[in-house]
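Here is the structure we will look at, set down as C-alpha cells.
By written order: A, B and C. Residues from 1 in each chain.
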Amino acid sequence: MTENVEVPKELDATIQSMDNRFHDIVTLDDRKSYTGYLVPVENLIDFATSIRDDLGYDYLSSVTGVDYFPEEKMEVVYHAYKTSGGGALVFKVQIPREKPEVPSLISVFPGSDFQEREAWDLLGIRFSGHPNLTRILMWEGFEGHPLRKDWKEPFFEEEKKPYKNRWPEGGVYRIEDEVPMGKNVKYPLGFDPQKWTPEEQTTFKEDMDSEAGDNGSNGSAMHTDQIVVNLGPQHPSTHGVFRMVARLDGETVVDLYPEMGYLHRNHEKIGERNTYIMNMPYTDRLDYISSMSNNLGYALAVESLMGIKPPERTEYIRVMMVELTRIVSHLWSIGFLLNDLGAFFTPALYAINERELILDIFEATAGSRMMCNYLRFGGISRDLPDGILETVRELVNERLPRKIDELDTYLTENEILRSRCIGVGVLSKEDAIAYSAAGPVLRASGVSYDVRRADPYSIYERFEFDVVVRYNGDVYDRYLVRMEEIRQSLRILHQVVRDIPEGEIQTGKALYQVRVPAGEAYGRVENPKGELGFYVVSNGKPNPWRYHIRAPSFINLTALGKMCKGEKVADVVAILGSIDIVLGETDR
Amino acid sequence: MPEDFLPIAVLIILATGLSFTILLLGQIFGPRRPNPRKGSPYESGMRPYGKGQRRVPIHYYLIAVLFILFDVEIIFILPWAVVLRDLGIFGLIEMGLFVAILLIGFVYAWKKGALEWD
Amino acid sequence: MDPALLVEWLVKSGVIIFLILTGFAYLTLFERRVLARIQVRIGPNRAGPLGLLQPLADGIKLLFKEEVIPDKADKVIFILAPVLTVIPAFVLLAVIPLGPEISILGRSYSLSLAGDVNVGVLYLLAVASISVYGIVLAGWSSNNKYALLGGLRSAAQMISYELVLGLAFIGPILLANSMSLKDIIQAQSRVWFIVLQPIGFLLFLVASIAEVNRAPFDMPEAEQELTAGYHVEYSGMKFALFFMAEYGKMIVVSFITASLFLGGYLGPFVDKLPLLGPIYLLVKVTLILFFMIWVRATWPRIRYDRLMALGWKVLLPIGLLNIIITAILVILVGGY
C-alpha cells in the first residue's frame, strides 16, 4: 500500500499483536511501497494456523508467486482477510529460485488448493504436502513454467525485447499465416505432437484400471458398475470449454473433479509483456460478461501504486457502470441457471432482453457493448454522452424494478424451480470460508461478506445498500442472493443518478504511457461473480513485473467437488450454473 | 375378428418400407468419409473411459419388474371395464379384491424402498 | 378378398403416413414459431413465406449429411433402432376415427383405417410400448455412456408412465362400455368425457407428455446433462427418424387425447356435414399440441428421481383410485 492509503485502525492493532506474538520469527517487509510480513518457510504453517485461529484471519483470498529473477529468489504472497471485514494481512515467504519449495497451506486453508496448483503450473513453485500438485491450466506435456522470467516463448519472445518485431522489413506480414500453429510451442525432447495422446485423468485412475469396477453399490451384495463420465469440454451446459469428470452410481454422483485450462491463454504472461495501459482491454476478456468491473479492479490496483485518485464525477460514473454491470451479470446468471435446470431459454431470453438495454448504455458511453475498455488510471476514457443519464434514470427508476419484480413473480415461487434448487449443492458456512468461496456463493452460505462493505473501495461507503445474505447455502439461496443483489444495485444506482456531480473526469493528463513507481498493490473489487483481485508488482519499468489475477470463478470451483458429492447428475449442471463461472476468467 | 387387423398389416408394411427408404436415401445422398476420430464415441470431446455398454444399476431392473406386475394388472382391468355393467356389483367386488391384493404388493414395494432413487 | 378393399386400405394408409409426415414437418415449424413468439423472438421466417419452406430445407439438409456409425457400435441394432422407434408413430393412428362415415358415390367409407377393431385401446397401449424398444436399443447399441444412461432413463420413465396411461384409458372405457375408439367417441355425443373424467384427463395429459418425452419430462434427452441422451450418436436421416418418431408420437398422442376425452371428431353439425368432423378433430389436436409447446417454453425440467416418484407414488395411486370411484359411480348411476 502506498502512503496515501490509510491503514485502518483495526489493522494497526493486529500489527501490534503480530509484532508481539511472532516477534522473533516474522519480519516486516520493509521494501519501499511493500507491505506485509516475511515469514520463514519453516514457520509458515504455524503462522497461518495462528492467524486463522487466534487473530481471526479466516479467509485466504489470494495465493500467488512472484519471480524476483534479479535477486535470485522467489516469493509466495498470501492475502488473508477477516470475514468480519477489514483490510488484508499480507504475508510472504521467500525461497531460493533454484529450489522453490514451500509447505502447502491446504490443511489450513483448503481454498488454496487450485491457487497453489496454479502457482506450481506457471511458476514452478513446489508446494510440499499438496495432495495433487499437477498442472492445472497448462497441459501435462508442457515444458517449463511460463511465468518464470527466464522462460521465453519460442519464436515470439527473445532476450531483451519483450516481443520480436513482427515486420522487420517494414512490410506487414502476419506470422500466423506462416505458422498456423506449432512453432511457438516448445516440446520436450523426443516428443511428437501428432502421436501424443493426453494422459488419462489421474484422479480416477484406479477406476479405469479395474474396469470390472468391483465396488458394490451402497455396500449391498448386488453388483452394478459405476460409470466414469466426462461432462465437458464439448458439452452443452458447462458454460464453455470446462470439464468435469464424474463417477456415477446410477444417477448419483459419487465423486466429481473439475478440470480447466482449455481456454488458457496465459493472461498473466501477456499482462507482464504489455504496458500498464495495454492491459486494460485485456481485463475485459477475463469475465467477459462484466468487463466494467474488471476494469475497475485493475484500475484500483494501478492507481494505488501510482498514488492517484480519480475525480469525483469519475468515481460516480465508475460506480454507476459497475453496478449496471452487476445487474447484467446477475440477469445473465439467473437466466442461464434456469436454462441449466432445463427450461427452454424462455427465462434466459427475457433476462437478456433487459440486459440488452443496459448494453445499449455501455455502447453509448464506452463505444462497445461487451468489451468496454472504459476505465483509465485516474479517470475514464470519455465522459457520459448527452442524454444518457436520462436513459439510465428511466431504466433504474422505472423499467428495471418492474421487470425484476416480474421475473421474481414468475421464477421464485415456481414449484419445479424450488424442488430442483432447495437443498441442492449445499455448502456450509464453514466450508464456504475455508474454500475461499466468494461473492454470491459465499453470501448464500450465511457469510455476510461483501468487499464493498467489508473493505470499501471507490466511494461505496457513501451509498446506502444492504449486503444480501442467505443461510442455507444451496442453489436456491444463491439464486435468491443474486435476485436481491440486483435490487440492491438498483438502490445504489438510484443514489448515483441522484447525486452525480459535474466536473472533470481525469486526474492529471490522460497518458498513453503511465509512470508507475516500484512497489506492490492488491486491488480488489466485489465483482458480480465474487471477489476479483489484481496483484500488481511494479519495478518502475513500463510494464508490470508481476500481474496476477485472483479470479473468483476459478477459486469458487474449488468447492465444486464437495458441493456435488451425493447429488444427482442433473443437479451437477444446476450447481455449476449457480456458481456462475465464466471460462474466460477461470482459465485466463 | 382377425380380418379387422388386415388393414393395419398393410399400414405396417408401408411404414416399414418408408422408414427403410428414408434410411436408404440418407445413404445415397450423404457423403461417407469415415475416420477413426469420427468413429469414436462422443464423450464431450474426450477419449472415453471404458466400455459404453455395461451392467446397469439394479434400480432400473426393479422398476422393470414392478412395471410387469402392474401392466398385467391393467391388462386384466381393461376387459373388466368393458363388461362392468353386465357384471354389476359382483364385478365391482371382484375387481376390488384384485386391486387390493396388488395394492398390498405396491405398499410392500414402496416400504421396501424399491421406489426410492437412493 | 375384394381388390377394391385393398385399394381402399392402401389409400388410407397412404393418407395416414402423409398426415404424420407433413404433420411432423409442420409441427417442427409450428413449435419453433410459437416458441419464438413466447420468447420475444421471431423464429424462422426466411425460407418461403412465413418460413413455410423451412421444414423442407431442414429435411434436405439432413438428407445430405454424413451418417456416422460409431466403430464400436452394434451396427445392426444401431440401424434398426430408429426404424423400430418410428414405425409405432405411423401405425398408432390406424385405429383412430378421423371423422364419421361419409358416403361417396353411394358407397360409405369410414374415415379410419381400422376403426372397427374392437380392442382399439388395447392396440394403442400395445403399439405405444414398442417404441421403448427402439430407444433402449439405440442407447445400448451406440456404445456411448450418455446414450446408455439416456436409454435407461427413458426405458424406466416410459414404462412407469405407461402404467398411468393405461389407468387413464380405463375411465373412458368404463363410461363407454367398449374398447373400440369409434364407440368411445360416439359415447361422447352428449357430453365429453373431460367433464365426466377430469382427473382421468389430467392423468392422461401428464402421462402422455411423459410418454412422448416432452418437457418438462424430457429426461432421456436432457440436453443439459446427457447432451442428447439416447440419440447422441445418431446423425443424418437416422437422427431425422428419431425426430420424426418423437413428433409423430406427439401428434398421435394428441389425436388419442382428443378422441378419448374431447369428443374426437364430434362437434356441432357433424351429423349433417360429415366433412366437418376431421376439421374439428384437427382443431382439437392443434390446441393440445399448442399446449405441449407452451409447457415446453415455460417450465424447467423435473429431476429424474422426482419424476419417477411422481409417476409411482402420486399418479399411480390416483389412477387406481379414479378407476375405483368411476366404477362405483357407473354401477350406482348406471348410464349417465
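Convention: a residue touches a chain if its C-beta (ideal position, glycine included) is under 8 Å from a C-beta of that chain, and two chains touch if they have at least 3 such contacts.
Note that the structure is predicted; figures quoted are calculated from it, not measured.
The leading chain pair by number of C-beta pairs in contact is B-C. Taking the mean of all protein Cα atoms as the centre, the chain whose own Cα mean lies nearest is A.
Our note on geometry: chain A versus chain C, Cα centroid distance of 49 Å, whole angstroms.
Chain centres here are Cα means. That of chain B falls 15 Å from that of chain C. Across the assembly, chain C contributes 145-146, 148, 227, 304-305 as residues in contact with two or more other chains. Among the residues of chain B, those touching two or more other chains are numbered 42-44, 48, 51, 54, 56-57, 59-60, 117-118. Taken residue by residue, chain A touches two or more other chains at 227, 229, 231, 235, 251, 568, whereas all remaining positions touch fewer. Chain contact summary for the complex, chain A toward chain C: residues 227, 229, 231, 235-237, 248, 251, 338-346, 349-350, 353, 414, 416-417, 419-420, 568-573.
Residue ranges on chain C touching chain B, taken from their complex, read 6, 9-10, 12-14, 16-17, 62-73, 79, 82-83, 86-87, 90-91, 94-95, 113-114, 116-118, 121-123, 125, 140, 142-148, 152, 155-156, 159-160, 162-163, 166-167, 169-170, 173-174, 177-179, 227, 232-233, 236-238, 240-241, 304-305, 308-309, 312-313, 316-317, 320, 323-324, 327-328, 330-331, 334. On the chain C side of its complex with chain A, the touching residues are 35, 38-41, 145-146, 148-149, 215-216, 218, 222-225, 227, 296-306.
The part of chain B that touches chain C in the complex is made up of residues 1, 4-8, 10-12, 14-16, 18-20, 22-23, 25-27, 29-34, 36, 38-44, 48, 51-54, 56-57, 59-60, 63-64, 66-67, 70-71, 74-75, 77-78, 81-85, 88-89, 92, 95-96, 99, 103, 106, 110, 115-118.
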